[in-house]
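Shown next, in structure tokens, is the structure this report addresses.
Chain lettering (A, B, C and D) follows the sequence in which the chains are written, and residue indices restart at 1 in each chain.
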Amino acid sequence: MAKIGVFTCWCGENIARNVDVDKVSEAIAKLPGVGCSMNYKYMCSEPGQSLIATKIRELGLTGVVVASCSPHMHLKTFRKTCELAGINPYLIEMANIREQCSWVHSDKEVATAKAIELIGMAVEKVRRNHALQPIRVPVTKRALVIGAGVAGIQAALDVASGGVEVVLVEREPSVGGKMAGLSETFPTLDCSQCILTPRMVEVGQHPNIKLMTYSEVEKVDGYVGNFKVTIRQKARYVDIAKCTGCGSCWNACPKKNKIPNSFDYNLGNRGAIYIPFPQAVPARPTIDPDNCMRLQSMKNGKELCGICAKKCQTNAINFHDEEKFVEVEVGAIIVATGYQLYSIKKEQENPRIKGYAEYGYGKYPDVVDSLQFERIISASGPTGGEPKRPSDGKTPKSVVFIQCVGSRDNAKGITYCSKICCMYTAKHTMLFKHKVHDGTASVFYMDIRSGGKMYDEFVRRAIEQDGAKYYRGRVSKIEQVMVDGERKYRCYGADTLKGTPVVVDADMVVLAGAIMPSSGVTQLAQKLSVGYNEYGFLSESHPKLRPVETNAAGVFVCGACQGPKDIPETVAQASAAAGKALIMLSQPELTREPEIATIDEKLCAACGACVKACPYQAISIEEIRDRKGNFIKKTSRVNPGLCMGCGTCVAVCPSKSADLIGFTDDQVYAQIESLADVF
Amino acid sequence: MNAETKSTDAFEPKIVAFVCNWCTYLGADLAGTNRLEYPANIRILRLPCTGRVDFNLIVKAFEIGADAVLVSGCHPGDCHYTAGNFHARRRWDLFRELLDTVGIDLNRVYFSWISAAEGAKFQKLVTEIVDKTREMGPYEDYKKLVAES
Amino acid sequence: MDIGYYPGCALHGSSNDYEASVRACMTALGVNLNELEDWICCGASAAHCINHDLATALPARNLGIAEKMNLKSLFAPCPMCSMELKKANDAIQSNAALREKMSEIVETPVTGAVDVVNLIQVFQAVGYETIAQRAVKKLDAFKPACYYGCLLTRPPKTLKFDDPEDPTSMDELLSKLGAQPVEWNCKTVCCGGGLTLCDEDAVAAMTYRVLQNALDSGANCVVVACPMCEVNLDMRQADARKLGLTKDVPIFYLSDLVGIAVGLNAKALDLNRRFVSISDELKGA
Amino acid sequence: MSKPVQDWSARVEELSGAKLNDCYQCGKCTAGCPRAEVMDVPPTRIMRSAQTGDVLEVAKARSIWQCLSCQTCTARCPKNVEVAGVVDALRQISIETNTFSDESLKVVSFQKAFLRSVRRNGRTNETEMATDFEARYFFRRFDVANVVRVGLLGPKMIARGKMHFKLGSPVKDKALVKRIFDKCGVEL
């Protein structure tokens, strides 16, 4: 038999001024099942709370309604009161007679009547409340970081230094990401390798970091605190435990310097066994199976070449290596898969994105993208930092830089600003001018976006000190022409400030292509249940207040995979993500509100409507079998680790087998029906 | 409404509102904090998300005598649950058809987005709904329909 | 194959050599041209400058005739005509009010149901493979600069044909027939044809740019699929020479080259009336 | 003359179907326009004027009649704006308001001569058109050089059978063509 205590608060004058609290208590006392109804000046105060506690104990109340302010204000307070008094904290409901009544209705009679109805609704609900226990889940104190660019490196080092183990997965043979290939970096023009290499080495040596390069995430199971992740380690054909990195193999490979090196964006060459760049971590080679003569010949049962293995003193080379699957258990996941440049050329993979046939990228050898230019002027690049154009190795005297290529171009299918190209283009003009003093750097831009500490000063320096010529206008077309026997690239542009067309003949053209998320990121996002936008940039929970969390509990994002970003922002975000992961992993166990969905498996028709509707992929269809393993029926099942309690499944279930604890159909209908008498 | 305090012939519309916990409920709280007065004809039911609202809940509200129903949640894209209100929105077209089929006057069902910061919008909306419903008069048709069947 | 045919004013006037070439070539390929009965001018370069409604009404009249004749597709060898026809067709198809208005103005029902095609599309419909099989002569003497001009691909929203910046459909056909089309810059650069009678100096400069680039890229002729391009590049070449054009460049219609490949002679293709005369070798003799 | 229109932006949008506010003044239309070099108001500025509604100034400009309708601007506009359509709209407005400059008379005369020929015959007759154009243009401008130049070209074309004195196959329903012109409110 229900015995409900109803405690009406005056909130000083706040409620009592417009609601006749005595009349309320009187009316409520008459409701069936109400065991006590009283009012007090400040229910949330110490004496107010002890009044409630005393009544709970004295009368053996089975449920409590506090009629006062918004539950967002004090539901937690009164739950604690109940718990202290010895009843389950989920057996209390609040009626909001302040924000929804006394503060918004001045007619006292009307407000009093409404207060009585609101409390009546709460009484009907609490009568149907059940004792609930918060869900507790254990936490595996280990984090997974996916992607080892500067974002992944920073996040891994921070988590590891916080005393938590990290598994760092990188799909390339070396860590470092794009930053490892940059020349000097804005806004300070320090050498990229000089600042990144020490951290790459640290990642390779940190006792808390298990580095898995040339590996990708295959499968993700489980939920926050308890993920089981399967990682695929690609066949490297070199046992990096045995290998010392001596280099005898790659120096002897007959394919040495014959295969385009993707790390140099195909401007330089490597061998079939190679390290992508000298500072690679791990400093261990990889065999490229498509270009190795031995591995190719083995397909036909032959054994050609094999020179590298003969040279190797440590027997590290294994032509029979195979890909391996490794399962790791982690409590939190940080995604740091970075970006790639929009490919610019006429042919595009994504049908929604169009290329720039008018710029001849991919057709004209000296029309390069911005990352290629980074390699061309990088001291570690294929030309040793001497600016040379790809077609004939001549030093370019006139370079045209074009901004917003792809970015902000609706016709090509990308509407956003890539945010960093204004800055790196200014940098490019400076680095070029520092190396070719009599050269001309011309920039075509639409707007200069240089918001950041010392950023605008940086751009102004490019113009004022280094004499870069900035034209405000887009380029319409680039044509390869011969001028006095010299190959030139004629850029048909505009100077919108002057209001005329401008034509500039360049020896080389650099296109600042749009920043796009790394290939394959959407498949990864689906494995992790992380949202992404139409371009594939991963979605944070809230752009301002939860910038590194995602809506998948326990999964965090940082760096350019979330949106275009420069290094300072990337690193800041990586540390933030590491911090958030450490906060989560520092708890002995995770508790979650018990207000989640349940399925009545007897009723469920396994139609799958809920599975499709659930925004968190928390429901799946499973088979019920008897003890002998005979199939009985299919049913949907909620994973309590994933369910966030939104109730969408309940609304879509045609057989009414789904319900939401804490907001059950039973409770909600009772609330509505309580109005039947007064309506 | 309370029959003793109001003269019986003056029609007081009865409105049931299903609102989400994270946006519209907080918007209503803000209207309160700012003392934005609005008609007392509305009864709010707090649900986690508008995604939780199904067709039957709306029908139920009319069955017990509501003259209008409001469903209000977060703005699209701001949903606390990523996509819950998106589902609600997609269902909305279906709702309308179904409601129409069971004979509910679609002019009596309101769907809106009110954020936690939009106390004034909440005040305005409730006032408008009450005014409009007052104009339309009591929803006798549906009650008759229920009584007949 | 049967297809509707809209010659347009140019092919019945100054560019009657194009009509001869197209007709001969189509007959050789077994394409039967059903000429629109009582067609009128599509308005070409003038109507859209002067009156918005007229620019739709003139082509609409022709589309109405085509619909009345139950023609599924309509071949207009002049890209300006086919662009204007297509534009009107699209507008009428997607806008019910305009459909009514135009049907009333042209006193014929028009719904926008006709598929308007250009010369290259007709060859595509016949099939490049089929044409190659019918070829009796290899075009190995030809190093054409395939010139698409403005209106074969532009505006792309209306034409939806080939890449507007780097079209290749003509190059592909001619490569199949043994020619060696050159890579060049001016495939879609305007030759100035629109103002050929009004601003001779400017037009000469534009013609020069196109022709010189063709020569610099190693071409021995320019191939067009447009009567205006032909007249302009051919007739204005004397002026271009004054600006420095290094030598004469013979201009062909695409149908000329296909015709030569399938064995037609210079007379059948009407190759003898060009301003810049064509060598016997290139006439396919 | 058509009715006077107050809001020129709206009128330009109506005639061209272009969304003027989409233009972000990037200059790509000017950069690729084969005529921008000689234009007094290049396409980007034409767009800007249309955007602000200050159109009558541009209607006087030579540029709009120097445009070749080559569609390069429209094809390359990153914002998918119908730039060439805007130019057409301005040409129509300049004729409606009779604001085109003297310098543009030649082109306007040519276009009108063309359409007059179509109105009369249903198709163009080049000889008639050329004579009409030369006559009107010559009498208004005394541009002897032009008469001589076109005069020199004429014989060349006739010699090659490219200029015709009569239409090959005349249009039967010529009256309908006239009605079409009238219904569209074309004044030539």
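Basically, a contact is a pair of C-beta atoms (placed from the backbone, for glycine too) under 8 Å apart; a residue touches a chain by one contact, two chains touch by 3 or more.
Since the structure is predicted, the reported quantities are computational estimates derived from the model, not experimental observations.
When the C-beta pairs in contact are tallied for A-D and for A-B, the bigger tally goes to A-B.
Chain B and chain D have CA centres that are 59 Å apart.
If you average the CA atoms of chain A and of chain D, the two centres end up 54 Å from each other.
Centre-to-centre separation of chain A and chain B, using mean CA positions: 36 Å.
Centres computed as Cα averages put chain C at a distance of 21 Å from chain D. Shared interface positions of chain A, i.e. residues touching 2 or more other chains, are given as 358, 477. Residue positions 72, 80 of chain D each touch two or more of the other chains. Chain pairs that touch, as defined above: A-B, A-C, A-D, C-D.
Put simply, chain D touches chain C in their complex at residues 15, 34-35, 38, 66, 68-72, 74-75, 80, 82, 84, 88-89, 91-92, 95, 106-107, 110-112, 114-115, 118, 122-126, 130, 133, 149-150, 153, 156-157, 160-164, 167-169, 171-173, 176-177, 179-181, 183-186, 188. Listed in rising order, the residues of chain C touching chain D in the complex are 9, 12-17, 38-41, 43-55, 57-58, 61, 104-107, 150-151, 153-157, 164-165, 188-190, 192-195, 197-200, 202, 206, 231, 235, 273-275. Chain C contributes residues 163-166, 183, 185, 213, 216 to its touches with chain A in the complex.
Chain A meets chain B in the complex at residues 70-72, 96, 98-101, 103-107, 109-111, 113-114, 117-118, 121, 531, 551, 595, 613, 615-616, 644-648, 650-652, 660, 663, 668-669, 671-673, 675-676, 678-679. Chain D makes touch with chain A in their complex at residues 24-33, 36-37, 42, 44-45, 72, 76-80.
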